[in-house]
Amino acid sequence: MANKRQLFAIAALFAALAFVPLFVTDSYIRHLFIIAFVYAVIASNWNLSLGHCGVFNFGHLTFFGIGVYTAAIASKTFGINPWIAMLLGGGTAALSALLLAAPVARLKGIYVVLVTFAFSQLALQLVLSQSQITGGAEGMVRLPFLQLGSYSFLKDFKFGYYYVGLLLLALSCLFLAFLSNSSFGKSLKAVRDAEDYAAARGISVARQRILALTLSAIFTGIAGGFYAIYLRVASPEVFGFGTLSLALSMVLIGGVNTVFGPVLAALVLTFATEAMAGLQGFEDARFIVIAVAMILVLRLAPEGLVDLLGKLRLPVRPART
Amino acid sequence: DVIKLGILAPLTGPAAADGQEMANGVKLAVEDLNKAGGVAGHTFEAVVADVGDASADKVATAAERLLGDQATGAIFTGYASTSNFEIDMMAEQDMIYLVSGNSQQTKDIVSADPSRFSTVWSLTPSYDAYNTEIVPVIDELATSGKLKLPNKKVALVASDNPYSKGIANGMAEAFKADGWEVTQNDLLPFGEINDWRGFLAKVRQDPPALLINTDYVSANAATFMRQFMENPTNSLVFIQYAPSVPEFLELTKEKSSGIVYNALGGAVRAASNPRADEVIGKYKAAYNVEPGSYGVMLYEQVMLYADALGKVGDPSKRQEIGAEIGKADKQTAMGRTRFDPATHLAVQGKDGMPIQFYQIQDGNRVLFYPKEYAGGEFKQPVWMK
Amino acid sequence: MRRLLDIIGLQAGYGASRVLNDLSLHIDEGESIGLFGPNGHGKSTLLKAISGLLRPTAGSIAFDGKDITTQRPPSIVAAGLIHAPQGNTLFGNMRIAETLELAAFSKRAKAEAGRHLEEVYALFPRLAERKQQFARTLSGGERQMLSIGCALMCAPRLLMLDEPTLGLSPRLKEELAAAIAKISKTGVPLIVVEQDVEFLLSLTDRLYMIEHGEVVREISSANAPDHEEVMRLYFGAEGAH
Amino acid sequence: MSENILEIAGACKFFGGLKAVNGVSFTVARGEMLGIAGPNGSGKSTLFNLITGVPFGPTSGEVRFMGERIDRWPAHRISRAGLVRTFQKDAEFPALSAHDTLLVSATYNGQLSRAQAEARIDNAFRSVDFGQTRRSMPSRELSVYEKKQLMIASALISEPALLMLDEPASGLTKPEIQRLDDLLVAVNRSGVTVLLIEHVLSLLLSVSQRLIVLNQGSVLAAGDPHDVVKNPQVIEAYLGGRS
Amino acid sequence: MDALLATLVSGLVLGSLYALMSSGLSLVWTTLGVFNFSHGALMMVGAFVAWTVSEILGLGPVTGILSGTLAAGLIGIIIERLLVRPFYSNRNMLLITAMTTLAAMVILERGAQMIWGARLKQLPRLIPGEVQILGTTISAHEALLIVLAPLILVALWRFTVMTNRGRSLRAVGQNQDSAALLGIDVPVAFALAFGISAALAGLTGALLGSIRFITPTMGSEPLTKAMIVVIFGGLGNLGATAGAAYLIGFIEAFLIFGLGLYWTPFVLFLLMILVLLFRPNGVFGGK
């Protein structure tokens, strides 16, 4: 475990991120960071169920979407303070995860993919069909924006939102780091790799799966709430396949056995894609480039980006005897 | 100096075809303007920003990219998101933003406080005419004997998106009010539909005089037509928007001959409006394909901006330019174009953008209503007795 | 005299950790050998290297005069060098009968599949009773039987058995010993890995003791060590743990 | 409370037509070391499975642990109650280090706080004298023998009342078997009841105070080990010619 | 009455389509345990190649379909070599290959977008005209599919269960080392499985290309359906897949007839979750 070194690197990263807005006044760049933060939260929390617990949850973006709509409906329809509305997103997401976990806990491997995928489809269908509540395909716009006392986040070139996003990410990372170092976190890996053995050591396989799913939904949901409040819109595309595969690639490029890999991957990928978005007539090609890059990373370091960095630094383990 | 003209468009993903056309329209206009030596000493450069699958972050990011560039003078789009939420971002930064779709959404956002949106204008008029206009047109065809109606029944089917659903329900109301019986008003999920047979089976059990499909996705409409023709009923077929898309004809070939559709805000191709053919001609010459409505509309968007810029002179005075656009009243490819200050939508109707009814007659689009623009006569479809 | 298998200066390992250090041994025509030694010191690794599952990093392996150091398993198996791995789990979701038929994969084996199948069923009646049972549900011993049965289906010209009696009941162990003896009688030389030296001596002509991936002692049935000595050998090895 | 720690009554496990365990009944006295032998496929491991609920309970019959019926309990509850087993085929948590394997077992099975767990881990390692250097590397890189050691250690760390071992000696060298022998005796002395499946007679006979021989899913013989091995049926079905 | 028959027929059509779509996916899934998310994209490639050969080069639909099948097969082998093989020994194989094949999907779809553009295309039908089944008219082309689907599935099933070559595919999927020790050439087996699977995808796409419209994303809906069918059928075998395909086909047809197209997907998914609750290994999947 390169834990010590890793933690140090992370602390440094966050420190650096905290200073960015002081140098970067351009609201476009800040916006990119905010989006990256959101994706980082999604990916790293997804990794809890997907990577650590081996639950092939393809409905993770649904938790995000539920967070989005909760915040939207709470703040716009019921006029709840957007700060609260964001947090509510975490609550409803966790509840829905609990609901989903019931069937998933009993299923194995790829069957989980089907059920979770179906779950996301159900959610989408509900959102579309209940248009009087959710705005249907049109979505909900002009959601209330954040305010801190008299300070409005609206025309400050995203200064405020940047720090809210960063704080959210930091909290989520602490949460995950704590989990994965706890024996709960380790038990997840035990359940993932050897169910029977785990059960024979007093670990309830079903319970750990349910917990993993539910916990992974909390910050994802809050991130959804933040996303809605920040962009001031909730629209069904959040359930779309594009977002899902992007987040999934972040998880895998980052490395399924780490906590911070996906965070790193999210930052890198967001800016990489955006860097290419500028190039005219390159719109489709850029997706190909990303895909190829991802494959290369996976081939060079099947354990992910973090592992790759590790390889560069750590000397190889000497032979036994 | 060079003014950058942003294009917010779905260049990738399901709507790529539309997006490409939007970009082409603007680029074409930019070429023309630059050839003419620019406007008020300014030349132009088109900058495209892809909104992909139109998810909120993609649209917002693309918008931010354009807004972030000091040189951007205006942003054009057919449609970028389904909700038009980006209008707010534009207004906040007083960015000129011309839209050619989702006019209902635009109206909802703008009409709350029009003064805040002085730089945002929609070249598509309110869609209300889509709901109502069809009734008198059909009645007229019937009374004039050009169309023999077996009964006064109408069956509608829509897909689950604001546009299709809204229009279908609007039409249903209008027909009821006119004493028609609505035998079906089905709603299908939005997206690819490969099997209309379920709906058509029900239709065949009680054939209506009028069969209306408001799903605007051309592939779906084409499939609908093929499957209807497998065993047609004695009904006039009306399809919303889709038939105006160029490849619809290629896809359906002779199968589509006889169907009726209408258009609002698209090019009005008629002797009395030569501008339309002029623009379409240019587009064909430049890209040697037939443009749909977006190519033409975005070309005209740029021209409107250019006019306003010409009056104001200074591209950074966006408020004023916006105001100028709002005052515009000119004959464009879409007909007479002027804006309603309350909604910032183009005005619809005789003294604005007309609604046009077309019938496809062996591979050609024949405009038969309104009279002023008509280029031919309606003919009873072959499959009807 | 002619050597059937000749291994010289073999080195192999897993990633960074080397397991076999410069190991040399050989089998002469018509003889069988046994391998023993403390756990985790490279016996199975040696067999993996011979059968091509593991690419040696140095040294050479020659079978029947031909160099096979860099050959891949298919051609090695085709040549008749067969390896029944340790604690083999085979194919969980395949039935016993299927698995055995599949085992006669190489041309040479296919030719005699029918006869071999009968032999295997005769040797392990339990397999014959359970033709349609999935491998994953077999008991430890049954799994061992299936694994050896597969090896026999491959029409071996040199048979390598890695701890074949692992988890077999004393009686079955005896019967298996008899069976193996029979096999080698029919002219199939053996390499047997076992912890039970007496067992090995009863089956083979020479033993190698493997420790830290090297041959540390060679024993022939002639100068067979007694129980105490074997214990000492092992404890010697343990000392190095 | 009863002094029989484990009571099996008419336990059955059927797989379709196959009666893997067919009406087995016996009791285990607190503190004894009971050996279980039998031909391959006679139902020994299946018996362990249905007692511990991993991965399945009995088709029918009763299992009582410390007087309580546990045959419908979920597996993790059974093992937390102090009835802990090892597996015949080597099992491992490939992603966890040996240390973390023990940690997890201690905190869940033993329901200890992390601190208490850490305190016990070192002893557990020593009890099976597990290589110092190998404790922190991922289990998947351990040798077959080390995996066995680890599995036993992870069972012992939660200080179970009843320890069930499924062929722990298979594949071990003589000295290793000797050490295992010592370990089992020590564990048993410390008050842990032990249930031992073995084919290695030397071990079985030296440690177990009582021996049960299964055959085709039912008890063939039971009693004092040295009598049982003389039983002609046992010799016929299990031991074969020698001995 | 005839409404019922009509529903039966459309259920049969759907079922056959789903059977075709899922056959290839099922092959690599049941043998290698690899879930190939680029399967839909391979259908798309098959369709586009078929269209190009048949319409642009004017060599006719039959040549078109054949070359479409071939092209997809080749790409399948390439995908296996570059995107799947490197990860066999990885613990997260299922996950990583899911990801890499997703990447392959992206590459193929975007590539097609760049090569063939966004506009819709369509192939002429292999057999023109309509036919009557149970008093319901369907295109002769669809009738052809109804005949073809079961044939292909049976052939596949016999191959994987009856022949040693086919068994070897399953063997390598379950335990590569043991397979290698029986003389099975593991890489060849993997390549073979993927080649066949991809070729089937190409064929399906090419056939689909004259019922539906050919677009870069035309594969996504079939992929979803195939995924449902394969998983629903269980890891058991191709027989299970076939069963699931027709079952879902009929259920869907009746749902559409019963409560309309709108709520059909919803109910279908709900149904599936419930079924998996009680049959966690799929409907036909063994315990």
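Here the chain labels run A, B, C, D and E in written order, and each chain numbers its own residues starting at 1.
Heads up, the rule we're going with is that a contact is a pair of C-beta atoms (placed from the backbone, for glycine too) under 8 Å apart; a residue touches a chain by one contact, two chains touch by 3 or more.
Protein identities per chain, from UniProt: A, E = Branched-chain amino acid ABC transporter permease; C = ABC transporter ATP-binding protein; D = ATP-binding cassette domain-containing protein.
Just so you know, these numbers come straight off a predicted model, no measurement behind them.
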| item | value |
| --- | --- |
| Chain whose average C-alpha position is farthest from chain C's own | B |
| Comparison of B-E and A-D by number of C-beta pairs in contact, larger one | A-D |
| Where chain B and chain C are represented by their mean Cα positions, the distance between them in whole Å | 76 |
| Averaged-CA centre spacing for the pair chain D and chain C, given as whole angstrom | 29 |
| Chain A and chain B: spacing of chain centres that average the CA atoms, whole Å | 38 |
| Multi-partner residues of chain B (at least 2 other chains) | 12-13, 160, 189 |
| Residue numbers of chain A (touch at least two other chains) | 125, 129, 193, 241, 284, 287, 317, 320 |
| In chain C, residues with contacts to at least two other chains | 17, 89 |
| Interface residues, chain E side, partner chain B - complex | 3, 6, 10, 14, 110, 113, 118-120, 122, 130, 137-139, 211-213, 215, 217, 221, 256-257, 260-262, 265 |
| Parts of chain A lying in touch with chain E, wherever the complex brings them together | 50-51, 56, 103, 106-111, 113-115, 117-119, 121-122, 125, 129, 193, 241, 245, 248-249, 252, 256, 284-285, 287-288, 290-292, 294-295, 298-299, 302 |
| Chain A residues touching chain D - in the complex, by the definition given at the top | 1, 182-183, 186-187, 189-190, 192-205, 257, 317, 320 |
| Residue numbers on chain B that touch chain E, as the complex places them | 12-14, 16-17, 20, 160, 186-189, 192-195, 197-199, 201, 205, 218-219, 222-223, 230-231, 247, 251 |
| Interface residues, chain E side, partner chain A - complex | 29, 35, 82-83, 86-87, 90-92, 94-96, 99-100, 102-104, 106-107, 110-111, 113-114, 220, 224, 227-228, 231-232, 235, 262, 265-266, 269-270, 272-273, 276-277, 280-282 |
